[in-house]
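Note that the chains are named A, B, C and D in the order they appear, and that numbering of residues resets to 1 at the start of each chain.
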Amino acid sequence: MTTAQQGLTRAELARRVADDLVDGWCVNVGIGVPLLLPEQATPGREIVYHCEHGLLGVGPAPQGAPDPDVTDAGKNPVTLVEGAASFDSSLSFAIARGGRLDLCVLGALQVGENGDLANWLVPGGNPGVGGAMDLVAGARRVWVMMTHLDKQGRPKLRKRCSFPLTGPGVVDRVYTDLAVFEFVDGVLTLRECAPGVTPERIAALTEAAYSVDLRGESI
Amino acid sequence: MTTAQQGLTRAELARRVADDLVDGWCVNVGIGVPLLLPEQATPGREIVYHCEHGLLGVGPAPQGAPDPDVTDAGKNPVTLVEGAASFDSSLSFAIARGGRLDLCVLGALQVGENGDLANWLVPGGNPGVGGAMDLVAGARRVWVMMTHLDKQGRPKLRKRCSFPLTGPGVVDRVYTDLAVFEFVDGVLTLRECAPGVTPERIAALTEAAYSVDLRGESI
Amino acid sequence: MIDKIRPGAVDCLTGIRSGSSVAIGGFGQTGVPLDLIDALCDRDVRGLHIIANNGGRGLPGERGIGRLLKENRVRRLSCSFPVNPDFFRRYFAGDVEIELVPQGTLAERLRAGGSGLGGFYTPTAAGTMLADGRFVVRYGEGGVVRETLAQKESRVIDGRTYVLESPLRPDFALVKAHLADRYGNLRFRLGARNFNPLAAMAAGCTIVQADHIAHDGSLPPDDIHLPGPFVDHVVETAGETVR
Amino acid sequence: MIDKIRPGAVDCLTGIRSGSSVAIGGFGQTGVPLDLIDALCDRDVRGLHIIANNGGRGLPGERGIGRLLKENRVRRLSCSFPVNPDFFRRYFAGDVEIELVPQGTLAERLRAGGSGLGGFYTPTAAGTMLADGRFVVRYGEGGVVRETLAQKESRVIDGRTYVLESPLRPDFALVKAHLADRYGNLRFRLGARNFNPLAAMAAGCTIVQADHIAHDGSLPPDDIHLPGPFVDHVVETAGETVR
């Protein structure tokens, strides 16, 4: 859909999410656009990025030669920052399930108006789940970053997910290229439209029912 | 009982057990007389002693100033030898339950002719179990080191344990100050008498039924 | 900026109230956070549920868990080896409770709690009094039995009997580390590691006393035994630690 | 004398037969024991059950798990992220099996197997297709379903739903370490640790390729990430490792 292309770029979306991170948070970022977050440093805020196979303190991509032992969840070369720690994958998921992640940020295929998340399988497609089910089961907050529409132009914010779930009722916020939604007392709520995007346009491109409680450009 | 005093001393008993250890074995030693085993080096054999709270490669007591961070299961100062490793207590018991201990050597209050072990509670007494139940559940072999008679002069090798069990049917061998027994196809079998101790005397001081298959002074 | 280093132990411990559950690292006196326990004893807290491997020896002037028991601050002790003669007297008199837990099971229950697991099956204690509901946790007057360990659910898996054990999620953990940095990354020393990282993982709030702090940076990633997210507060106690 | 250092990989791998189950460390290509896998591919083994996080990308000339799949040596892959396009084609054609396991559950199942536990309850995958018996492990001709993941036993604990997961006990593990000594003590490097210590713990026989070996002694006790009892054979591959 050409309409969706008038929203935020991937980098702008990452910047928008980064603006909402809180100093000191421990944050897991999933495959796809969330992997751009460690590139978005915010002055005065120290964020500890967690990589599910067993790293904390992941930073941006290297300027020089990559270290093959330092990769992110998407297997891309990254760097380690001060305070970084390494450990095995069982401890890594102990951090996740044990409630020590302040946040995980994941991509999505669909999000239901009930907070359901589907992000691992298009029916009939190639399966692959990675750590997503562990992360949504354990992190204190789950934010989704995604395009508002899928590649066929269909709304990804739906009444109910039609794809297999990653987790039921786990999503706290959804950041798309067009808008920011938040689950407020379990109710999907539109909080913000991207610059130049009207609430009417969001309404036309969203299948899920939602409340509207706009609070300007930032939450 | 004065009769029991004519058998092996504690150090002789430790030496006797050490003679049966196999080069390369990983061995846990429990509280009491088994803690003497790391003092009994055997030329040509390298034994890795495991200490349940989280050490491998425990050696004899220190000659000089003790290191308070290096203690055995009885909280006595010991040393670390080449190849030593430290880890947390959950990994330590993963080694035990996971079948990576070739042997654990424990003291006992009673051993049943069915291989039952009782070593943690005299009824009405002060309870304390430590790691004994984990060790007997996981080690590949369980050997007992004990006096043949208890302080009241009663046989500790019994038809059935009257004290609460540490584990059912777990014992493979019993080394006492008077004799060596082995469970052969589940049958308690007298394999050896201490120097100067006759089979008749063992019979008089043992409640458990057992077979006799002596093979001289050493197994 | 992340900085979990605190100027003193007192402020870190204010959340601990009478009745709180507190996991404490250490095996015997090895790796016990003695300074944190001393600071805790300066506060008016009673009726604690202490989760620790040992109960101290009950010697005169003893620091550590023994001091907590001696000052009668403990209502319930979950441990594998209580040892302490005075605590045993009060146990048989019905004044305090002992939840006896095999050492490996205690370690694993703390780890399970810290890992967000709901429980696990272990072969340890199957077929014993610690699984069959007979072990007395609390006596009443005249030696009557007020509470026993629950009979553990058992299950035969591949021909072997296992018992179901539950995770431990104490309110607080008191931990002794050798090195720490401002991120809360910890390194322990030899046998002093023991239950310390497990207590830290399990607790809602973890307070660490460290022999030394990397004031000019952070610990090397591969040298860290427990990463910072499990740690809330770190106090340096160099020079105070009994050696 | 204990000496687990072997002169070459070939002799260490002779126990692996067609049909063996083999856990392999690594995440993507990070920490994968490439040299051991190459040596395994020199042998005539088929129908392996591979337990590893990823399936390789299926690129031309690829080493690692991808090579095992490409050479059609794998009957069943237990993993969280198969990725490999060719393996997916054979999966949908019914030639190979995929047991899809969430990444944290895969790690924990290996650890449980290595720790002698009978299973554990985890909240991961509760309420999803990976717990309800619908995920297809093996197709037959024409897309009929031959086998699915078993429906997992679930249990509500403190108001939350958990599913029961079983331990993994593979016959063998292939592991990549950074440093090793003759006792089999291992140290890993940064993100290359990942599943390697867990695979080593779980397996009946663990074979390690190490970048470097401490030929003149042993590793410092507190620097060891996995102690020697979990390791059977160590091969040095300095200079051979792809960097």
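Just so it is clear, a residue touches a chain if its C-beta (ideal position, glycine included) is under 8 Å from a C-beta of that chain, and two chains touch if they have at least 3 such contacts.
Keep in mind that this is a model prediction, so the values were computed, not measured.
Student: State which chains count as neighbours of chain A and simultaneously of chain D.
Tutor: Intersection of chain A and chain D contact lists gives C.
Student: Going by the contact rule set out at the top, which chains touch both chain B and chain C?
Tutor: Joint contacts, listed by label: D.
Student: As a quick test, compute the distance in whole Å between the mean CA positions of chain A and chain C.
Tutor: The computed centroid separation for chain A versus chain C comes out at 36 Å.
Student: Just give me the whole-number Å value for how far the CA centre of chain A lies from that of chain B.
Tutor: Using C-alpha averages as centres, the distance is 56 Å.
Student: For chain C and chain D, what's the span in angstrom between their mean Cα positions?
Tutor: Distance between chain centres, rounded to whole Å: 34 Å.
Student: Give the residues of chain C that touch two or more other chains, as numbers and ranges in rising order.
Tutor: If we look for residues of chain C contacting two or more partner chains, we find 108, 111, 115-117, 122-123, 188-190, 221-222, 225.
Student: I need the residues of chain A touching at least two other chains; which ones are they?
Tutor: 55, 80, 86-87, 90, 93, 96-97, 137-138
Student: Every touching chain pair, please?
Tutor: After working through each pair, the chains in contact turn out to be A-C, A-D, B-C, B-D, C-D.
Student: For the complex, give me every residue of chain B touching chain D.
Tutor: Within the complex, chain B touches chain D at residues 23-24, 26, 44, 46, 48, 50, 55-57, 80, 82-87, 90-91, 93-101, 137-138.
Student: So in the complex, the part of chain B that touches chain C is made up of which residues?
Tutor: Touching chain C from chain B are residues 51-55, 67-71, 75, 80, 86-90, 92-93, 96-97, 121, 126-135, 137-138, 164-168.
Student: Considering the complex alone, what residue numbers of chain C touch chain B?
Tutor: The contact residues of chain C facing chain B are 27-31, 53, 80-83, 85, 88, 98, 100, 102-108, 110-111, 122-130, 134-135, 188-198, 225, 242-243.
Student: So in the complex, the part of chain D that touches chain B is made up of which residues?
Tutor: Per the touch definition, chain D meets chain B at residues 1-2, 111, 113-117, 181-183, 185, 201, 217-219, 221-222, 224, 227-230.
Student: Contact residues on chain D for chain C in the complex?
Tutor: Listed in rising order, the residues are 108, 112, 115-123, 155, 157, 160, 162, 187-190, 221-223, 225.
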